[in-house]
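The two complexes that follow have chain A in common; it is paired with chain B in the first and with chain C in the second.
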Partner chain A sequence: MKYLSLNAFFNECGAEILKAVRAPEYILPTLILPVAFYALFTFALPNSGANSARYLLATYGVFAVMGPAIFGFGVGVANERDRGWLKLKRASPAPSAAYIGAKIMVTLIFASLALIPIYLLAGFGADITMARSAWFMLFGLHLLSVLPFALIGLTLGFSFNSNGAIAVSNIFFLGMAALGGLWIPAFLFPTALQKFATTLPSYQLAEIALAIVGAPSQSGVDRIPMQNLMIIAIMTIVLAGLAIWAWSRQRN
Partner chain B sequence: MLKKIFFITITALVGFLIFMLLVLPATPGKGEAVFSGNSFAVKNIRVFDGQIMHENYSLIIKGGVITQMGEQVKIPKGLQTYDGAKKTLLPGLIDAHTHTYGTALKDSLRFGVTTNFDMFTSAQTLKDMKAKRSGTLETAEADLWSAGIMATAPGGHGTQYGFAIETLTHPDEANAWVTRRLAEGSDYIKLVYMPGRSNLNSLDLQTASALIKAGHEQGVLVLAHISTLAAAQDMLDAGVDGLVHIFTDKPASKEFIAQATANNVFIIPTLAVMASVAGENPGADLLANELVSPYLTPSQKQGLATDFGAAWPGFDLDIALENTRKLHAAGVVVLAGSDAPNPGTTHGASLHQDMALLVRAGLTPLEALSAATHAPALAFGLKDRGRIDVGLRADFVIIDNNPDEGISRSFAIDSIFKNGYLVKRERQDASNTDASPIIANAILGHFNTDLNPPEDLAAQGFAWSTTDDRIANGKSEAEISHINLGADKTGGALRVNAQVKPGFFFPWAGVYFGHPAQKAHNIEAYKTLSFQVRGTPGVYTAMIFTSGSAGAPPSQNFEVTPDWQTITLEMKNFKGLNPKLFTGLAITAGPGQGIFDYEIDTVTLGK
Partner chain C sequence: MPALEGHVIHTTNLTKKYGKNTALNNVNIEVGNSGITAILGENGAGKTTFIHACLGLIKATHGQISMFGLPPGKLTSRRRTGVMLQDADLPDLLTPREHITLFASYYPAPLSLDDVLDMCKLTTLADKKYGKLSGGQKRRVQFALAIIGNPDLVFLDEPTTGLDTDTRRMLWDVVRKLAEDGRTVILTTHYLEEADALADRIIVMNAGEIIADAPTPEIRALAGGAIIKCVTNLSVKAIHKLPDVKSVRKTGRFVEISTQNQASTLQGLLAADINASELVVKKPSLEEAFDQIIHNQEQA
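Let's look at the complex of A and B:
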């Protein structure tokens, strides 16, 4: 059984990759948009020195993984559900964990692909130097940022049909990026909006990333990265609960 | 098949990722060679840790934070190392009383002042200070804590700068007032309590007390500006946390000293500005100091050259010094603070002078240094600075010798580190001022046929235009036009329609003669500025601008009447003017508010 499910998982992964290669129009924008934004804000705008390149590496890295995570799950799952594919899956012997697991694995792959050009640009274009351990930690954090966003996408995918999911995913994607301070630091927001920003996973992840690169906190007050880590862990657990709930609801 | 696709993809990707993360530019770790960034070591140095002096210490700084310190620290091979023989390392200095505008934070850092406690500035200034001070990025500016705008009564001290600030008159307003300041980003509350002054209104004692209570309930320090013993006593009774000036009217009473000690309040005597008020010209000493002068910008020099004008009644520097000495001797915490950029003081340099004045008041040199490092950090609850210790931010100043032998040694700055980065301390006197072209034509404008200056000046690029405080985010407006009937009924004149409105410290609106590219010109040969003027009666201002200066330009006031008259202003009364760097002059209405319509004719420089 264990062998079987692992086998199914690998096959599902392969199928997802193949799907993306055959229909690249779904995934390409989410890979190109973040690095294009990063290049624009780091190099094209005036007054953007090495400090801002470092700051933006932390926040745009979070932004980069949001696209594949929210859209891959939100739109992907809704599509497959609309076409009755999920029903068929449920009837097949392949375990549903393999289905979800493969989607997560492939999202991690695409998240990495979105991050790579940003890191290369930051390191070799903007000449950012950091401790080797900081590079690894930052990449690890950015990759793990997939989790909460994938869970949001999954909830949306289970809750809306494919048309609705595209619209709602966009709102979540753009809203969490902008209001979480990933494009423009949250300390430039009006006070009420700053308070709201702290409730977003994108903000919490950006805070941890900023702490890793040694950039200023968005909140202004003394930061405690462990606290951000706890908050994001709790948020992820809640989001997981929400995804499971949405899943069971659509099954019945 | 599908499985293969997955395995190939994942192997290639993970391989590439690891490769990428290994080749990205990294700051060296143990044993690797280094020479930049904010990780390094300091060896064989005398360290003043904020309280005590240690000989022959070594430190290791990583990522802008002190990670090891002591006599037995082993410095990893290859780590860039600063040899501190015969030098002394001090914590980055903290100026506990400043006002922030223009290049204040840059000027501070250039003199080793790595942190400023601001005691009144516009809320705009607070915008990103908290974010900046929490990080360890490379910066050319000192970190800032601020009270934001201060609590005062309508018509009280703080309202005379022309920009609207929220005043209070009743204790019931205190709580909401404090809440709004904290929402704007204020770190603590400063109130002005100057009762019984004929020329200034003041908060009453009930309102001041309510502010103190509100501040404490909302978890912040409340500080008071006072000028008399009686007012200081009132504030002590009301539970204030600190006084931002020493009083100079009377010697501190025994009761006051006992209560100040018991209440654990701190006092920022601001002796640097007190010396200036007393007419000691402390600014002149700094201008003459070879260790200081090369690092002063033209605008700092201008600020140091100005003074408070007439001596203030009831002001005695000796009482200020004596009160500081007594309070310190009784154990009251005394903090160094310059009150820059008041006349005769400037950011950065004046804090060193304040420490020297604390020594004159009776503190030892090390106590004075502590009053500018450890003591303010402790008093304001800052845990990441003010001392040299493991885990603290690598903000420090290295000076050439031992300040214990004389506080004036603190001027001999060898290097400054902020967030572990070496501050590029550039001399400010490099520009060759003799090279600027001379203004040969003494007539700047006769307005016979139009608003253009005489031909040769126009050819040099000069022009007449409007100027108002909108360039400083103010709200005043000016328009200029040419009229046919000038003074003495000959030729034409320049007409100004100005509306001076609150919105900036020193609101202005009027006419500007100058070079659009701010190119410096030499007007050294001229002794006076004259012009004919008539218009809405009131006090007007003439200002002269110089290249490289920021902040308030040298200015003189004059009165306008409905009849034509000739105004002649002496160049030497434009305090702090560098005539070799002239870029323009302005004849404006303001700082008084209202609508001013006036006409100007025949503007000349006289020899």
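Let's look at the complex of A and C:
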């Protein structure tokens, strides 16, 4: 039966990839937008340099994985739930872990595709010099960032119909990017907004990424990266609980 | 694997409420380990709700459901069950071949893809995008998903709605074949001739309750008597006075006399009008039985 679940998982992965590449109009913007923004803010704006390129690499990397994770799960799941496909899968012996696992796998692939051009631009275009280990740690962190955003997407996908999910996913995507300090550093926000920013996973992930690249914290004060790691771990567990709750609510 | 004896489905006092609306009311059904059972009933009678409850897709408000001796929704029973839901659509961007292959990977001993494509007349459509198929072709893919796992129990919720005559026959053949192989099929339909042609047993639901549950011939016999169709000069009022007449209906030149006892009514008819012509005596159809069952229920 182990083999059966694995076989189902590979088949689900194949199905997810086929669905994504056959609708490039959905996936392409989430791949192109982050690198376009990164290029714009790093090269086209004044007082750019290796330092701001490094800073923006940390934050735009988080931004780049948010799109595929929130939209892939939020809109994708809502759509498949709307048409009754998930109901049919729940009635069949489809392992739900294989479905979710395959979606995470494919999101990781697309997150990598969104990250790689940004990294190439940062490494070759902006002359960022970092230890090789720092590059790998940063990439690892950016990929892991998929998880909390995918869980948010999953909760939205189970809670809204497909039209609603598109709207709400956009709000979460833009809101967490802007208010988490991924576009404009949070230390430029008014104090109340700065406080609010720390409650967002995007902010916490950006803080860890900034620590890895050796850029200053968004809080303006000394940071304790371990603390950010703890906070994001707790957030992820809470988000997982929320997603499971939203999932189980379908059985009304 | 547990033996196939005993009941595949057993519900006791199964009740499902949506707010004040009672979709299922104390439903007691036992389904053995083979045969074709048709569930009939008007829109909103509770057929789909019953199937969803058996599959564990919704929680019963109270009452028990046992599927293969287990609570509904357990993995072991899902591995032995195939499902065609009334309103489940598949992702547009995958082909029938990809959809069926995916579902085959969920089951321990699925049928071969090519056999199922062939059985469901999908071979030439296998590599077209699902979204580009016609409504009936989509239904065929959904039917293929229900049988690919080689299941012991198959639920088909209005499987032939929107299918052309040939495709409907194809589906009937596959369903009969499943039953011959000792599998259990539960299907819902609004086509009484479909239930008549396929089912060994008919369950009639009305407003969430079971109002009839018997082998198909018995259900048909519930209408009782016979129908006499003829052309006659007698007035409807006069025909009503003939012995054992239950009801009279004029259809064009013809009258249709529903009778408890064809011999006495015929005798009376011919005695009153020797010129009565184009005489036909027929057994009441399942449709008439169904109308009568629903009608009696509403009067009660």
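Quick note on the criterion: the second predicted complex is superposed on the first by the 252 of 252 C-alpha atoms of A that agree within 3 Å, B and C clash if a C-alpha of one lies under 4 Å from a C-alpha of the other, contacts with A are read in each partner's own complex, and residues count from 1 in each chain.
Convention: a contact is a pair of C-beta atoms (placed from the backbone, for glycine too) under 8 Å apart; a residue touches a chain by one contact, two chains touch by 3 or more.
A quick note: this is a predicted structure, and the numbers were derived from the prediction, not measured.
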With chain A superposed, do chain B and chain C clash or fit? fit
Check whether A:11 is in contact with chain B, with chain C, with both or with neither, and answer first, second, both or neither. both
Now for A:43: first (chain B), second (chain C), both, or neither, which partner does it touch? neither
Calculate the angle at chain A, using C-alpha centres, between the directions toward chain B and chain C; round to the nearest 10 degrees. 160
Just checking: does A:80 make contact with chain B only, chain C only, both, or neither of them? Give me first, second, both or neither. second
So in the superposed three-chain picture, is A:245 touching just chain B, just chain C, both, or none of them (first/second/both/neither)? neither
Quick check for you: in the superposed arrangement, does A:187 touch first (chain B), second (chain C), both or neither? first
Of chain B and chain C, which one touches more of chain A's residues? B
So in the superposed three-chain picture, is A:136 touching just chain B, just chain C, both, or none of them (first/second/both/neither)? first
Tell me which partner A:92 touches in the superposition: chain B (first), chain C (second), both or neither. second
Minimum C-alpha separation between chain B and chain C after superposing on chain A, in Å: 8
Where on chain A do the contacts from chain B and from chain C line up? 7, 10-12, 14-15, 18
In the complex of these two chains, what residues of chain A are touching chain B? 7, 10-15, 17-18, 50-51, 54-55, 105, 109, 112-113, 116, 119-120, 122-124, 127-133, 135-136, 139, 185, 187-188, 191, 210, 214-223
Provide the residue numbers of chain C that touch chain A in the complex, in ascending order. 55-59, 73, 75, 78-79, 81-83, 85, 87-91, 93-94, 98, 101-103, 105-108, 129, 142, 145, 149
Once bound in the complex, which stretches of chain B touch chain A? 1-7, 9-10, 13, 16-17, 20-27, 29, 37, 63-64, 127-139, 183, 185, 384
Report the residues of chain A in contact with chain C in the complex, numbered from low to high. 1, 4, 7-8, 10-12, 14-15, 18-19, 22-23, 80, 83-85, 87-88, 90-95, 251-252
